Amino acid sequence: MISLADQLLVLVLLINFILLGTSRLIFSIRAVAVQGVILGILPGLIHPFSWHLVGITVVIITVKGFVIPLLLVRAVRSAEIKREVEPFLGYVPTLLLGAVFTALSFGFAGRLPMLPEHQNFMFVPASIATMMTGFLVLTTRRKAISQVIGYLVLENGIFIFGLLLAEAMPIMVEVGALLDLLVGTFVMGIVINQISREFSSLDTSRLTSLKEE
Amino acid sequence: MTNITVINGTIHIFLALVMPPLLLGVIGKTKAAFAGRVGAPFFQPYYDIIRLLQKGTVFSTTTSWVFRAGPIVALATTAVAALLIPFGAHQSPISFDGDMILYAYLFALGRFFTMSAALDTGSSFEGMGSAREATFSCLAEPTLFFALITLSRLSGSYSLSNMLVNISFGVWLNNGAALLLLVGGMFVVLLAENCRIPFDDPNTHLELTMIHEVMVLDHSGPAFGIIQYAAALKLFVLGAFFVHLALPYATGNPYLDWGLFIISMLELAVVIGIVESVMARLRLIRIPQLLVGATILAAFSTLLVIR
Amino acid sequence: MFAALILLPLIGAAITWLIPYDRLRPKVLALFALAHLGLTIQMLSSTPPVSPDGWFCLDALGKIVLLSTSILFLACAVYSIGYLYYRRERSNRVLCVALLVCLSAASLVTITHHLGLMWVALETTTISMAPLIYFNRNARSIEATWKYLLICSVGVALALIGLYFLAYATIVARVEPSLLLDDLIRDAAKLSSGWVHAAFVFLLVGFGTKMGLAPLHTWKPDAYGEAPGLVGALLAGGLVNLAFLALLRIYQLCLATKEILFFQNALIVMGLFSMIMAAIFMARQADFKRMLAYSSVEHVGIMAVALGLGGKAIFGALFHILANGLTKGVLFLSSGNIHRSYNSKSTDHVRGALRRLPWSGGLFLAGFIAITGSPPFAPFISEFTIISSTFIQGRMLIGLIFLISLTVIFIGMAMTVLPMVMGEAPVDSETTSYRDTVGTVGPPLILLLLVFLLGIWMPAPLMTLLQDAAALLEVHQ
Amino acid sequence: MYSALQGAFDPALVALVAALVLGCAGIPGLFLRKPGSGQILSALVTIPASLAGVAASLLLLFSHTTATYVLQWNLPFGPCDLVIDPLSAFFLLPVFLVSAAGSLFALGYWPAAEHHTTERGLTFFYGLLSSSMAILLMARNGVFFIMVWEIMALSAYFLLVTEHEREDVRRAGIVYLIATHVGTAALFVYFSLLAAQTGSFLLPAAGSFSALSPFASLIALSAFIGFGAKAGIMPMHIWLPSAHANAPSHVSALMSGVMLKMGLYGIFRTLTYFYDPPLLWGTVLTVAGITSALFGIAFAVAQRDMKRLLACSSIENVGIITTGIGVALIGVSSHNTTLVYLGLAGALLHILNHSFFKPLLFLGSGVVIHATGTREMNLMGGLGKGMPRVALLFMIGSVAICGIPPLNGFVSEFLLYLGLFRQLNADSLVYLVLLAPLLALVGGLAVIAFTKLYSSVFLGTPRSSAAVHPHEAGLTMLVPMAFFALLCLLIGVAPQLGLHLVSPAMTSFYPELASTGLAAEYGVIMGWLSVSGGLLLAAAALAALLWMWRLGKSGVTSAPTWGCGYQRGTARVQYGASSFSELAVSVFNGIMRQRISRPKLAGLFPGAAHCCEAPTETILERIIVPLFTIAGVSFAFLRRLQHGQMHLYMLYIFVTLFIFMLWAH
């Protein structure tokens, strides 16, 4: 089971690289959706069966795997844009950075005071790497959608870490967090629509009228 | 209140009342002599003043009570100053600690009113005169104070009488340098305060160049007489101060000392006369420099005695 | 009791959602705000027992924040009646609903002791504020909303990581894993320091972003500048305090873990940096709402420094929660009025407010005097307490930097505020329909009176409350 | 707020109540419908209250008692004592006197009929200012002190910007507010350090700690900055000229006559704490004082705006007072009782005197400005004929402020001079005497400044249409001025009175003085002063009689002024204010730095040309403003941090996170 979880985590990392590498928005949204589904499966693999677990799984898969991506896709369609052109930092450099961060996170996780039973897991490095990916997307991408995606990836990274401490996290908080994520993304979706209507583009480099000069 | 002090006081007041115009007369005579003229009699100033007192008065239509107050205050302040300064080796009628400060500030009061009276006429010339008077006497002020400090230090007392009467040849022998500097400085102040050559020419006829005379241009009759007398008195009072520094001889016999005092005052008048006849009036721009120079002399003398 | 505090606003939200009339909604809003304040006072006077599972507990810290939030919210709700009358052109349904939801979440933050739940509530307040900032529906407000939403969400997400680290620290320490504040404090000594440190950093940065400590404050001027006055008031006087409460919780934990020194220094550094930044940005600030935003950055800085100093300064910090909240209310509400009347936020156009709007202009001026720590207003008490304790603790350098930046800020603010209120209104300035009315002037006036009253007279119960709260944050050897 | 103050009915209570009444006097006016009724009411309340306050202060002063009340407040800053010791009582006198006079003057000067928009606020804040100053003198709790202090400063600000439609008023207001706030910041440090020393916010008892204790010099420095800024000691005087020039005149009178003294009171109070002040402190005070005196009067000579001239002369007078304090302090540290006595007597008496003649002059200038509608001296002239009474009173004020006998200004300067001369035969610090010539120079310049002021305003012929039809001031304006003029004369001819008045404050400042016979010794000298004053008046009377007699004999005719044959003389030809001081300014230009714009005259027949000489605020315009500009420019680049690019904002967050992670581990 654990090994399967690790393979899934590798998949997650791969998706991170896809996100860093691709310019097509729809595609990256789908990628995030897949990542969400995987995250939904993961708890089932590492915790013993319980209805609570099933509930969690279902909720996560629906929210992260379907609802949020749908929202985003709608936003993209309404804004009728296809791809992220000229990001602040090119794809190759971001990919390289992503690789470096991932490597670093593996190194860093090795030196963390983990529980022995977690030592040989890939959870912590994977989560850190995913967070880093989120940061990268947030800081290097130009389109509003991409930034939302970055935020989602960041959340995913956090979620992976959360898997280690399900027993500390009562269900109510889990659901609340998810709900917040959902609503947050929903609102972001609305705002994105407004942006595309107001600026006739999703290019956040246009959103720089508020500044000190 | 022994009767010798009473007598001294009476003589003091008598001299202060009577003698001042004589100095002007002597100066005039000296200058005439240098110019090879016979000149006016010694008592001409008295005649002038009496004549003026009998004349009628013209008041400018623009003037107010300040104009009328000017001469009176000038006379009053000088008169009180005359009571503070000792004549010869005798105590002055009024003397107390710090009277020298009063002495200095009395002249300021007189100045204030003379200048205001001049400005009251609204004439540009008198304005000019008072502006100059204000600036120059302000520059002369520190010199007087340096002198007072030096004297107070030398005599160890804080009243004019003591500090001036105290000056003797003995003091000259010990602090000759300081006193010499002081004499230089004070002589400049004496001439400047009394608007004599080289600072001002009392009997020029070009208003543009005058200081004191132009200020009193619009005063006439009795008022002008009072002003003339006050000016003479001022010369007398400051002269008495100077004579103490320059010619500090005393016999100890009160009556002889009075004689000595009168003589030395006359000497002073002659000296002024000589200076006036050998020197030309300075250009206005130079005057501040000369005054500052005098201040520096006095300051040095102070430093010499307090170091 | 606790449930009532949370549910009351939610019910209100539901009702206002159903109300079809724009004129009626604000009144309902005000009604519920009033009820909420009543409930709050009731709970303050008779503290409800801790809920059996220990999730809900209204301690002194919570009380202070709850009180200030509730008062401010009531003022804003009443103000909204008068304000929205001038904004009849658009529906205020979303506004009212979002306000009430935010109030509910805010109350939840103050009464819960479960850090996870607190986090959820904080995130809820963040999201529920977004539509309010967007109320003006123009390009600038979209931009502001977008930045606010994304930066704050990311920030709060970082805080979540911090919480996870804490939880993991409990697991590593083999104590019963939980995010209940009381449990954590109980087992604090056992927790592994590495994780705890990491947790503190993430929590500081996370909540710091929400609170607007420099350099995490970047969203503040935009959001405050573009939001309507009453929303600005709630952001600067309410949400800031919630985030600060979160920091206070962490501070409590730090005290227990004896890792306090690092946290304190971090707080002082960030606080001073915020004040310096505020000082720099307030000089020659041409937009008076943005100026207020930077003033808010300054004041969170002050609170952070005070918290970092500890000792008597803690008292100042706690009182500043109240003082700053109320004063910010005065400033933002009156500036909203001025904005309405001149239809401009630029100090080039806004001149002679005292002549044009005697009440709003006067309130704005008084608010400026109060917020810059001049007696006889409440902020003076707190700020002087903090400054004096820096010197009494012998930390001259901190005190001097603190004082100098306060002075520079005063100069900058004076240069902006005084020309606004003094003089004559420019002849070419736009004439609008806005007039000072009881509805728009009353609430800030009441707030100002409160600020003044607290400046000269501290009620005994408040005093005890503050002392209890300060006791929770004392170092126990 | 404050529970009733327990205590029997006694002068201290009267003074306290009077202070509170002053504060409340303006409140009814805010609500009364009828314009002006509030103003009259406040005058009716203020004057009796103030007189009661004066009586109470005098009683306290001479009973040598110290009354203490404890204010029941519940702010977390420890107990709050209200104490009136002779020092406070002494400073209370001007507060009450000037407030009363001003509130009466306002009836004629700022009638609600003409100023219905501003009158209410003015009356209210005027009362607040007076009362805050009175209470300030009683406050013994540092925090309470700061609160009252700041209320004072702020109400002064609101009074100052009464006419805030005018640009220069607004600028003056901003400068004042910033300066006073910087001062308050210094006071924050001051009281915090005191608290750090004593462990409570109560002001330390007299002589309770050593100047060698840690922070002592820091405390002294912060006090010097904080209080000096309010007193207008150079170089913290920058706010003063424009503030006093732009406030309504009775407010200027209160600010200049009393508010400056609050700063001096603070300095006095601070000095009482230390039983062993080092020589350095006295030296610093003396140097600062004499510099302020010299520069202040030099600036005054150069001014063209009559109120600015008065303001600058306030700097001079504060300078003289500070010199006195410094000299006294030097006496304390060199255990030279005579020096202490004379320095203190000079300083304290000059404080009193300055609060007599400066308000007199400011009120007078108020009347003049009211009549002519301008403050520019070059546009006035000849007002003496239209308003002879005002002219007379103003003359008294001018003579007094120049420190000329036989008026009060001379007495205080006399004492200071005497102290310096006395030092001549002391065994140490003889060089102190070199201050005397500097003071003399100050006196000379003062004469220039005030001859200029008086003559260009009241004498000669009107220089512009503004000054053609002046009207005599009403009684409400004349009575306060006459009152101050009488006080000037009184202390001038009966200096013993003044000495008697200051001696309790002196003993409470330096108890050793009580045992010495100095008071008697200098009482005698004061007697001599009044004798010579009497002689002066007698001589003047004699001369006047003589002249009258002669005038009676010889006729009087009147004719136009002698124009030296120039027939087309106009009023513009006379020497104006600027032309009068031009020579002096050119001599002292190193200090005054006039901004002179002379036209280039070219060609044979140059057209009309215009020359302008404007005095500059040297310190403010040449040092402080440039410094601020430089600072602003050098920090401007940091503003680019707020560039609006969100992805970089994100980066800020992560960088911060990273840095803290590094720091944590």
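Letters A, B, C and D mark the chains as written, and numbering starts fresh at 1 in each.
Just so we're on the same page, a contact is a pair of C-beta atoms (placed from the backbone, for glycine too) under 8 Å apart; a residue touches a chain by one contact, two chains touch by 3 or more.
Bear in mind the structure is a predicted one, so any value in this text is a computation, not a measurement.
S.K.: Any idea which two chains share the most contacting C-beta pairs?
M.R.: Answer by contact count: the chains B-D.
S.K.: Greatest Cα-centroid separation from chain B: which chain?
M.R.: A
S.K.: As a quick test, compute the distance in whole Å between the mean CA positions of chain B and chain C.
M.R.: Distance between chain centres: 79 Å.
S.K.: Using mean C-alpha positions as chain centres, tell me how far chain C is from chain D in Å, no decimals.
M.R.: Those two chain centres are 44 Å apart.
S.K.: Hey, how far is the Cα centre of chain A from the one of chain C, in Å?
M.R.: 31
S.K.: Could you work out how far the Cα centre of chain B sits from that of chain D, in whole Å?
M.R.: That pair's centroid distance is 36 Å.
S.K.: On chain B, where are the residues touching two or more other chains?
M.R.: Residue numbers touching two or more other chains: none in chain B.
S.K.: Multi-chain contacts in chain D: which residues touch at least two other chains?
M.R.: Answer for chain D, listing residues that touch two or more other chains: 639, 642, 644, 646, 650.
S.K.: Pull out every residue in chain A that's touching 2 or more other chains.
M.R.: Counting only residues that touch two or more other chains, chain A contributes 138, 147, 204, 207-210, 212.
S.K.: What's the complete list of touching chain pairs for this entry?
M.R.: After working through each pair, the chains in contact turn out to be A-C, A-D, B-D, C-D.
S.K.: Please name which positions on chain A make contact with chain D in the complex.
M.R.: On the chain A side, the touching residues are 88, 135, 138-142, 147, 204-205, 207-213.
S.K.: Could you list, by residue number, the parts of chain B that touch chain D in their complex?
M.R.: That would be residues 53-66, 71-73, 75-77, 79-80, 83-84, 94, 96-99, 101-102, 104-106, 108-109, 111-112, 115-116, 119-128, 130-132, 134-135, 137-139, 141-142, 144-146, 148-149, 152-153, 156, 158, 207, 217-218, 221-223, 225-226, 288, 295, 299, 302, 306 of chain B.
S.K.: Quick one: which bits of chain D touch chain C in the complex? Just the residue numbers, please.
M.R.: Residue positions touching the partner: 1, 73-76, 143, 146-147, 150-151, 154, 161, 164-165, 167, 170, 173-174, 177-178, 181-182, 184-185, 188-189, 191-193, 195-196, 201, 632, 635, 638-639, 641-642, 644, 646, 649-650, 652-653, 656-657, 660-661, 663-665.
S.K.: If we count contacts the way the header does, which residues on chain D are in touch with chain B in the complex?
M.R.: 381-382, 384-385, 388, 391, 395, 398-399, 402-405, 410, 413-414, 417-418, 421-422, 424-425, 430-431, 433-434, 436-438, 440-441, 443-445, 447-448, 450-451, 454-456, 458-461, 524-525, 528-529, 531-532, 535-537, 539-540, 542-544, 546-547, 550-551, 553-564, 569, 571, 573-575, 579-584, 587
S.K.: For the complex, which residues does chain C have touching chain A?
M.R.: 114, 116-117, 119-120, 123-124, 126-127, 130-131, 134, 138-140, 142-147, 149-150, 153-154, 157, 160-161, 164, 167-168, 170-172, 177-179, 192, 194-195, 221-222, 225-226, 281
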